[in-house]
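Both complexes shown next keep subunit A, but they swap its partner, so subunit B is in the first and subunit C is in the second.
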Partner chain A sequence: MSKDKIGKDEWVASYQQRSAGIVGWRGALAGISERLPTWAWFALVIAIGVAIPMLTSNTYIIRVAGNIALMATLAMGLNLVVGYAGLLDLGFVAFYGVGGYVYAYLSSDFSGVHLPTGLTLIIVIGIGLLFGLLLGLPSLRLVGDYLAIVTLGFGQIFVQLMTSMTRVNLPGHERPVNLTGGPNGIVNLDPFSILGFTANTVTDYYYVLLAVMVIILIVGFHLNNSRIGRAWRSLREDELAADAMGMPTRQLKLLAFALGAAIAGLSGALFAAWQGSVFPGNFDIALLINVYAIIVLGGLGSLPGVIVGSVLMIAIPEILRNVELAGQLFYLLIIVTLIATLRPRWQSVALLVSVIVFGLILKPILVALSPASFAALEATSSGFVDTIRNWLAIPIEAKAVGNLAFGALILMILLVTRIKDMRVRFIALIPTLYLLSFVWETRLSQEPSITRLLFVGVLLIVLMIYRPNGLLGERRVEVV
Partner chain B sequence: MMNLLELKNVSKHFGGLQVVNDLSLSVAPGEILSLIGPNGAGKSTVLNLITGLYQPDEGDILLNGQSLLGREIHQITRLGIARTFQNLRLFLNMSVIENVMSAAYSRTHANLFEIILRTPSFRREEARIREMAQEKLAFFGERLKGYRLDQPAYSLSYANRRRLEIARAMMTEPKLLLLDEPAAGMNPNESLEVTELIGQLRDEAGLTIILIEHDMTVVGGISDRVIALDHGVKIAEGTFEQVATDENVVEAYLGRRQENK
Partner chain C sequence: MDAFLAQLPQQIINGLTLGAVYALIALGYSMVYGVLQMLNFAHGDVYMIGAFIGYGVMVALIPEGAPLITPVFIIILMLLVAMLGCGLLGVAIEQFAYRPLRNSPRLAPLISALGVSFFLQNAVQLTLTAEFRNYQTELLIPPGAGFDFGDTRLPMTRALVIVITIILMIVLQYLVRRTKLGKAMRAVAIDREAAAMMGVDVDRVIIATFFIGSALAGAAGVLTGIVFTRVWHFMGFTAGLKGFTAAVVGGIGNIPGAMLGGFLLGMTESFAVGFISPTYRDVIAFVVLVIVLLVRPRGLLGARIPQKV
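After this line comes the complex of A and B, so read on.
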C-alpha cells in the first residue's frame, strides 16, 4: 500500500519548494514569523500595548490606542460569528449597544441603581449570551443573505427603540416613563471600578481595555484550536458535511451567536464606562461598517488580522487629521506603490523624475498663458508642503479648479488602467501623478473629514482587488 | 445473527418522481454490500435516507433494531453510521489533519471552560484525537502523512481527497460505513488500491460497509453481496456473479434485446 508510485501529486510534491521560494527581506521576514512561537506573538502584542502609555504622555495618542483595543475586542467577537462560524450577522452592533445600555442602567442615577462594576459585567455578559441566543434562533432557519437582512433589521430596531422609548406607558405608573433617555442618552455613569481599582484617567481605561483585549484574544485563540473551533470552521466550509460528521450544527450556531454577543456586550459596557454615557448614535450602522471593515481588512477568521485591522482602521483616520503628516504619508504611499508595481525598477525613478520635470515645465507655461489666474501662495507651517505647493501650478481659484482636476484625475486613472502598451502607459502616468498631487494639495488635504473616508474606501478597494482574503487571512478557495 | 442495518419497505418520492419504491434490505455485521444500478436508480437516495438527510415517506430504517426515523443527521452519525459523499464534501480551507480531527466532535467532551482555560484534561483529549487522526490517515500509507498533515485540503489531488474523506468518516468511529462511489475519478491502479483498502477497513477496522460503485472491478473484487436497483426498485440480489448475469440487471443497463423472429 505504501508504494507511492501512483497518484503522486505534483502540486503537493513541489509545495515546499515553492513555499521556500520567497527570497530577500520578505523571505527573511516570513522565516522569522514562522519560527516565532505563538506565545511570542502574544508577548509582543502585550509588550507594545503596555509600553504605549510609558512612551508618551499625550492623552490623545493613548485615547486612540484605547479605541484600537476596544474595537479589536469588539471585532474579535464578530470574527467568532462571521470568521469562524460563517454566519453573516449584520445586527452585531446591537449587542454592543445592549452591553452599553445595561451598564448604564446598572451604574447611574438614571435608574438609581449603582451596582459594583464586577457584578455589572457578569450581568452584561449573561444578558449578552441571552440576546445572542434569541437573535441566533433565526439563524437556524436562514442562511447567507437572508440571515444578513434579518439581523440587519434587528440592529436597526435596537437603535430605534433606544431613541424612541422615552414615553412608555407602564402598568403601575400614571404618567409615561422615560426608559432609555431617548436621543439624549444616559449620562453621568459610574466609572469602571473593580477589586479596589478605579479607572479615572485615560491611561487607566487604556490598561483596562488592553487587558480585556488580551483576555479575549487568548479566549479566541484557544477556542479556534479546539473541537468547537474546528466544528465552527467545518460549519462554515460545508454545513451538511459537518452535520454528517456528527457535529450538531444548530447548537454550534447558537453557541457562536451567544459567545459573539457576550463579547460584544462586554465591549459595549467598557465603552459606556469609558465614555461615561451612552447615546443611541453610538451604536449605529457606521460602527457596524467599521467593525466589518476591520475583520475584512485583517482577514476573516484571523486573530492577528483583527488586531492589524483595528490598528489600521482606527489609526489611519486619526493620522489623516494632521495635514502635514497626512501629506507625507500620501506621497510616501505613492512612491512605495510605484516601486512595488513598476518593473524594471528604474522605471519608478524615471517616472518620478519625469513628473517633477513635467511640473517644472508646466508651471511657467501656464503662468505665461494666464498671469491673472496665479498669485503667490501663502506659506504654511510646513516646508515640505510649501515646496510641493510651489512646484504645482495652483491657481487663485484653487477650489473650483481642484474639483475639475478631481474629475479629470478619475478619468485619467481609468484610462491608465485600460492602456496595455507599457510605453504609452508610462507617458500617461506622468500627468496622472501630477494631477494626483494637484488634487491632494487643492482639495483632499483641505478637507480631512472627507479624505479620511475616501482613503479608507480606496484602501479597502485596493486590498480587495490584490488580497481578497485580507491582510493576514488565509488563502480561501470555494468549491473546486 | 442479528442484522446491523435493516430497511423495511422504504419508499421516497420527490414530487411525482418515485425515487425509492418499497425497498427492503439488510446488512449483517462485517458484511460488504454493494449497491449498483444505472444513473438515477436511487442508490444515493438510499444512502441519504439511511444517514437522515431525507426522511422516508413510508417504511422504517433500523440500526441494531433501533429505528433511525425522526433523528437528526448528527445523531445518526453518533449512533455509528458514517459516510462519504459522491461529490466530495471536504472542509477545503482547513488542514488535512483538522479535517479528520473535526469529525471526532461527537466522540469528544471538552466543554467551553476546559477549552478556554486549556485544562490538562482538554490537552489530553486534544493529543488523543490528534494521534487518532494520524492513525486513520496512516491507513493510506505515505500519502497523507508528514508535512501533508498541515496542508489545506484544497491542495490535495482528487484521489487524495477521496482518501481524506474516508479517513474523516472513519474518525467518527462508525460501525457502518457508507461509501458513495469511492473509486470515481480514479485510474485503474488506484481503483485496485481502493478495493484492497475497503477489504482492510472490514478486516482490520472491523467495519460493515455499504458501497455504491460504478466500477465493476471494484464491486466484483470485494462485495459479499450485491443489490441492483433500477427506478428505486430492487431488481436483483445475490453474489456479484449472480447479479451481473441477471436478466433484469442486464436489461436495466443495456436495454431489452431485440427478438429476432
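After this line comes the complex of A and C, so read on.
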C-alpha cells in the first residue's frame, strides 16, 4: 500500500487491506505489481510499444496498435476531466474534432495555408486550451447531469456545424463560402513532419503516436501526484468540502477542462495527420461512447487503466473480425466462463457432455419430424467450426430460425441468471448453451460487424455489474 | 411579417406534434431520474423497440393491405401492445442491468445503460436488418382526413398524436398525484432511505417507475411511426438525446417540467425549421438548451434544492 490514502477513508483502507490479501497466483501477481516502481511500468509499456513494429511487418497490426496509442492519449485527456476532477464532460470529442479541423485548416489546400507541423501543433494546443476554458465556463454554474447535457449539446453543435457550414454568407464575399467542407470533409492534408522528420508510413505514424502517448501519460502521472492532482481529487470527492478547505474550485475546474481539451486537441491533430483527412463523422457520439467505455473499463482516474481499456476496446473488436478465429474464441470463452463460474468444477464437464448429447439426440428427432426443412447431412467435415455446424441441427431457413432462436436465447439467459436452484439451473443451461452455439453459427458469425457491437454492449453491462470501478480502478465508497 | 404570421399556426401544430413525442420520452427519463438519480441512456432504444412493436402489430393486422379489424382498434391495439412490451422491457433492463449497480459509483449505471443501448440497437439490426420500415398509416387514417382552420390544416394523424399524448399525461398526473403508488413514487424521489423506513417498498416503486416510463416511451414510438412513418434501428439515439434534453430543460426529475420541456423543444425545432433553416435545426435546439440552462441552471421548473452535505 504505497499509494497515498488521500481521498479514502478508513473503511476503504481496511477493505483494500483485505483485498490485498489475495492468495495464489493472483496474489503473487499483485505483489509483483506492487513492488515494481512506476518508472519500470513506463519502461515496460514503452518497450512493448517500440517492439511491436520490430516483431511484425504487418501494417494492419501496426495500424491497430497506433489506434490504441491514439485512443489512449485521448482517453488520458478525458481521464483528467472525468477521472481526476470528476466533471462529467460529454462534449469531450468536440475538442478532438477542433484539433483535427484546426490541423486540417493549417496544412491543406482547402485553406491554402501550409504551416510547419510544429507550429500547427502549438496552435492546436492553444486553441484547445481556449475552447476548454470557454466550455468550462458553464461548468462553474452547472452541476452533475446538467453539465453533462450542456457539454453534450456543445458536442452535437460542433458536429452539426461542421456538417452544415458549407454555404455561409460572409461579409466581403459575394458567394456563400464553404467553411468546413461539409460531409465530404477536408482531404489531402500535409503529412506530419517535425524537426526534419516526416512521417510517411504507418510505422512512422505509429512511433509518433506512441511518443505522444508516453509524453501525455507521464504528464498525467505527475499531474495526478501533484498539488493540483490532489486538489482535483478533493474536488471530485466533495466539492463543498474542498471549497471550505480553501481550494480554488473555479480555477481547478477550468484548469481540468482546459488541459483535457488541449490533450484532446493534440490527439485530434495527430488523428487528422494520420488519416490525411477529416470528416464530421470522425467526431460523432460513437467515438465519445468508445472513449468513455475505455476509461470506465480501465477504471476512472487510473493511469494504467487507460492503456488497458484502450487495448481492450480497440483490439477485441479487431480480433473478432476474423470469423474462424472469432468462432474458436467464442467457444473457448464459453468453456472458460463455465469452468470459472460453476462449482463444483466437475459440473462444467458434465454440462458440456450433456449439451453434446442433447445436440446429438435433438438433431435426428428434428430431422425426422420435418425432413424437408433440413438440408442433406454433410458426410465429411474438417475443422472445429465445421464439426460444430454438423452437430447442430441447422435448417435451410437458417436466418429466420436463427433470429427466433436469438430472441429465445436472450430470454433463456435472463431466465437462467434468475434460477436459484442448482439442479434446475443445470438443466436449463443445457438448452441455453445449445441455443447459444446455434445462434452463433446461424446469425452471429454471419454478421461480424453487428456481433462486435453486441459484444461490446454485453461486455459493458457485465463488467459494470462485476467490477463497477473498472478493471484497475480504485475501490472507493461514494459519499452519500 | 405577413409570411411569418401566415406560417405561424402551421409551425405551432408541427411543434406540438414533435413536442408531444419528445415530452413522452422526456417523462420516462425524468421519472427514472427522480427515483434513482441515474440517466437511463437506453431509454431512447426502448422507444425504438416500441416503434417496432407497433409496426409488428400493424403488419400482423393488415396482412394483405386490408385491415382485418376497424382501424381505430388497430391503433389502440398497437399502442397497448407497444406500451406493455416496452414496459416489460424497461422492467427487465432495470432488473438485469441497473439493479446490481444501485450502490455503485455514479458512472457505472451510466456505462451499463450505454451497454444496454448498444445491445438493443444491434439486436434489432441483427434480427430485422438495418432497413427502414414504413408504417402504413394511410391504411389506418385516410391521408386527407383532418381539420381546416382557414389556411391552417391540422391533419388527423397529428391531431391523434396530440390528443393521445394529452390523455396519457392526464392519466400519468392522476397516477402520480392521486394514487398510493404515486405517493410512494414521490416519496422515493424525495428521499429513498426515508421512504423505505416509512414502509414504502422501494423496489416495487422503482419497478413501477420503469414500467410506466418505458410504456410512455413505447407509446411515443408508435406515435412517431404513425406521424413520420419511418422506423429503423438507430432512431432511438437522436430521439433519446432530444428527450433527455427536454427533461433537463424542464428540470430533470420533475414531471410537469418534462412535459413543458418536451413541448418547448418541439416548438423550438419546428420554428427553427420553418423560419430559419432546416440544416441548423439541432444546433438551434441545443443553443436554446444551453441558454436555458445558463439562465436557470436547474431547468425551468427544477426546484432549487439546497445542496445536502
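The rule we apply is simple: the second predicted complex is superposed on the first by the 451 of 480 C-alpha atoms of A that agree within 3 Å, B and C clash if a C-alpha of one lies under 4 Å from a C-alpha of the other, contacts with A are read in each partner's own complex, and residues count from 1 in each chain.
The working rule: contacts are C-beta pairs under 8 Å (C-beta built on N, C-alpha and C of every residue); 3 or more make two chains touch, one makes a residue touch a chain.
All figures in this text were calculated on a predicted structure; none of them were measured in a lab.
In the superposition on chain A, contact of A:L453 is made with subunit C only, not with subunit B. If you count the residues of subunit A touched by subunit B and by subunit C, you find the higher number for C. When the two structures are aligned on the shared chain, A:Q156 is found in touch with subunit C, with no touch to subunit B. In the superposition on chain A, contact is made by A:I465 with subunit C only, not with subunit B.
Of the two partner chains placed by superposition, A:R425 touches none, neither subunit B nor subunit C. Within the superposed three-chain model, A:R233 lies in touch with subunit B and out of touch with subunit C [touch as defined at top]. When the shared chain is aligned, subunit C comes close enough to touch A:N403, but subunit B does not. In the superposition on chain A, no contact is made by A:K363 with either subunit B or subunit C.
In the superposed pair of complexes, A:M245 makes contact with subunit B only, with no contact to subunit C.
In the superposition on chain A, A:R63 contacts neither subunit B nor subunit C. Put simply, subunit A uses residues 240, 476 to touch subunit B in one complex and subunit C in the other. Touching subunit C in their complex are the following residues of subunit A: 82, 88, 138, 141-143, 145-146, 148-150, 152-154, 156-157, 160-161, 164, 240, 285, 289, 292-293, 296, 300, 403, 406-407, 410, 414, 417, 443-444, 447, 450-451, 453-454, 456-461, 464-465, 468-469, 476, 478. Interface residues of subunit A, counted against subunit B in their complex, comprise 1-4, 6-7, 9, 11-12, 15-16, 219, 222-223, 226-228, 230-231, 233-234, 237-238, 240-249, 255, 474-477, 479-480.
Contacts from subunit C toward subunit A in the complex involve residues 33, 39, 92, 96-97, 100-101, 103-109, 111-112, 114-123, 125-128, 237, 241, 244-245, 248, 252, 279-280, 282-283, 286-287, 289-290, 293-294, 297-299, 307, 309. Interface residues of subunit B facing subunit A in the complex, by the touch rule stated above, are 51, 53, 72-74, 77-78, 82-83, 85, 89-94, 98, 101-108, 110, 112, 115-118, 122, 126, 129, 140-143, 147-148, 151-152, 154-157, 159-160, 168-169, 171-172, 186-187, 189-190, 193, 196-197.
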